[in-house]
């Protein structure tokens, strides 16, 4: 295995992790501020991808598609928050799991009802397609590099938002003491809607960005949702920093595990046995990682509250 | 009340003994909701088009959605057999669902006509006189891809498929006919959507060609990412990643890709031409191979109904086995294990106007049977 | 309280009357549906012991459901192909006998629950939900790539396993078997909740500190409850596999865990008959709504939402107009 291949795979793991971060950031914010487990976060990812595909197809512009994804997902998020989610804050986790599970059913079948059962088309825009040559002679798709950059920019933006702005102060206060900030005259209901819409917009953005290199179809959100949960649990629920580090850990484990486990096992078994055992171990790797982290640190790597 | 109906039917049968107009009840279990619904909808629409065209009022079809869940499929099969009292079952798309339903249904004396799945067990050791596969044995299209790779002069293929039984069958099928070396062999995660790591391995492997079996959304993702990666080795795959429903979502990335199929809309025979036109007129979209399989399944059934009474299982089985219908694929016969012996074509993805579709460019295998028939004792 | 007793009695009556009516009317499929509901009810009663009394929100109970299923699938598969399960250290053959299969299912799920429980109980709250989910995913992906036993295709068992003295192929006899087991499990759950252990478990949920001060280890109490809970769900898994004569990794999926949880919430958390009512209602909904529209998931979703948002205490709570006894 050459060094170039290794570097390329690390970049792949990084890119996968960064996209997971966009999902996980919203999820962890919503949990941190409102204490809500939102299983329907994957549906917002799907809504983003479908909005982007529909608008990009109609207008021919990928950028307009992205804007539509942000707007569509934020709008859907705000709407769901106003109608359903806000009634769930004072319920226990059990009710939240069930209600947001119900939302998945509604969103998935609703999307299928509107857009039909066949996958939609959404492609990488012309100006970002094809590979570029990196120093060292590594060929890497430009679009994936762009994803890494966008993800890191979003992470930076979130950091600034939370540490430097008034909204950020309210969010941090909300994470610490919900009753108190209400007493101090902050419009809690408004704050919650904004946070939820923000999380939704991030999920929608991630859905649209990833949709361009994957397939835009009903049910695309659930596998990512589970991974995003793994990420925030590893990172510590409520922690943006934890979400970033957790996402990169999961991205790297998943990508590199899929390659190196079968290779490593070839030292002990014949190639076909090694490939099959290695592949199945690789598919379990991130869950093993998560269980291990939780057993050693029951509140995740950066979790404040157990 | 049930008793009365039974008596009436009995009287009717005695009165009309010798007539072949015994009504046939068909139970169709297929995937109509959730992620894989596109395939089931095509099979259903193809099937119902043939039923409608025949105008045969003795054929009653009950359709149910299995949601792609094996336990739901089993439950529906129980319902169809126990309370609907169907004579024939059909419709299942996925091999794992077929394995859950078919052995039990045929053991209870029902006929099963498969419009899509063809797991190897049912073609070999687990074959059954009442099981007829009207589509293909799972390995067939992959075998054809292997044969094509030899023809195209590929000497060092990189092959990949999801890590589940149908994926393993696919790579086995390809290797059964492919004569060159392997630059690499990977099993990916089922449902995986990001193939960056695999594409990097392909790039580094020194392969001269790529064979992949990634049905549904997995194939869409792979093709888009492959196109974007700048690796430009020739790609070969089975038709499942290039059917009419998927191609539009892949877009330009699929143009020129070679794939193998037992059917295409430009197969030159009158039945096929009429089918493509009628399907477009009825549903406003081009048919896929799944639709053609549904259409052929219904016509096979109708041909058997014209010859024999479904209550006379032996005669009906012989009538099915004769396959005396005009297929959209041209010549169509059953082998000793009731799986098709048919030509498998090489197709290329082209753009006709705004629509992506396939064009036949050659024949990979002629009168091809599956690899398991000799294991079948019935 | 009185009204809830009426609801419970009515539920039991339905569980007896509907199948008998179905036999009389020659509607065997109704019996199959009732069997499905009864088995789901057993699985959910299992979860309810951990969740309702112990407050352990496990989103990984599909693990035990699946282990029960695979215990049946693997044993019956070896019996049906006449191949031994293991030749070393001593010869183990497959079996088609239900009681034996149940024993194996129970033993395997107990072991799994012990390990998973011991590890998961190091965490609490949302982390507990997520770590149980992670274990579920591990088993799911393992089963998918376990080619020896069919991988994603699963295993088909051609003939339902036998129970001494019964013809299990007759739908009503198999239903009878499941119904008796359901009653036994209900009785057990009722006794358990009234027993000192049940009280300790309830206390461990509400006030772990106080439990500790009287010399009990709340974690240990919860672990025992988790194992009991897993065992019952595992037994249900073996029955479910026998109902379908088929097992597949779907039994391990997180959606299965979610559905088992839905039965409980639908019926009413922490109520003895909650899981039973929930399972009955879910199977009925699935059956009727599925016939109404291709898009029936939308209606199911709306209905669930309404129950969570407005129906305090699930269906039983709505009918009896009371919160659960110890809520």
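As written, the chains take the letters A, B and C, and residue 1 is the first residue of each chain.
Note that a contact is a pair of C-beta atoms (placed from the backbone, for glycine too) under 8 Å apart; a residue touches a chain by one contact, two chains touch by 3 or more.
Computed from a prediction, not measured in an experiment: that's the story for all the values here.
Student: Sort out for me whether A-C or B-C is joined by the greater number of C-beta contact pairs.
Tutor: Most contacts of the two pairs: A-C.
Student: Of the other chains, whose C-alpha centre is the longest way from the centre of subunit A?
Tutor: Most remote chain from subunit A, centroid-wise, comes out as B.
Student: How big is the gap, in whole Å, between where the Cα atoms of subunit B centre and where those of subunit C centre?
Tutor: 36
Student: When the C-alpha atoms of subunit A and subunit C are each averaged to a single point, how far apart are the two points in Å?
Tutor: Centre-to-centre distance between subunit A and subunit C: 32 Å.
Student: If you look at subunit B, which of its residues touch at least two other chains?
Tutor: 33, 163, 187, 189
Student: Send over the residues of subunit A in touch with two or more other chains.
Tutor: Within subunit A, residues 108-109, 112, 276, 279-280, 283 contact more than one other chain.
Student: Quick check: what residues of subunit C touch more than one other chain, meaning two or more?
Tutor: In subunit C, the residues touching two or more other chains are 141, 144-145, 147, 295-297.
Student: Taking the complex as given, what residues does subunit C use to touch subunit B?
Tutor: For this pair, the touching residues of subunit C are 26-30, 32-33, 36, 141, 144-145, 147, 150-154, 156, 158-159, 171, 240, 244-246, 248, 250-251, 290, 294-297.
Student: Residues of subunit C touching subunit A in their complex?
Tutor: 51, 57, 59, 119-120, 122-127, 129-131, 133-135, 137-138, 141-142, 144-147, 254, 258, 261-262, 265, 269, 295-298, 300-305, 308-309
Student: Which subunit A residues qualify as touching subunit C in the complex?
Tutor: Interface residues on subunit A, with respect to subunit C: 31, 37, 84, 87-88, 91, 93-95, 97-99, 101-106, 108-110, 112-113, 226, 229-230, 233, 237, 276, 279-280, 283-284, 287-288, 290-291, 294-295, 298-300, 303, 306.
Student: Which residues, counting only subunit A, touch subunit B once they are in their complex?
Tutor: Result: residues 1-2, 4-5, 8-9, 12-13, 15-16, 108-109, 112, 117-121, 123-124, 129-131, 139, 141, 143-144, 210, 212-220, 223, 255-256, 258-259, 262, 271-272, 275-276, 279-280, 282-283 of subunit A touch subunit B.
Student: Tell me, which parts of subunit B touch subunit A in their complex?
Tutor: Residue positions touching the partner: 33-35, 37-38, 41, 163, 185-189, 191, 193-194, 196-197, 200-201, 203-204, 216-218, 220-221, 224-225, 227-230, 245-246, 248-253.
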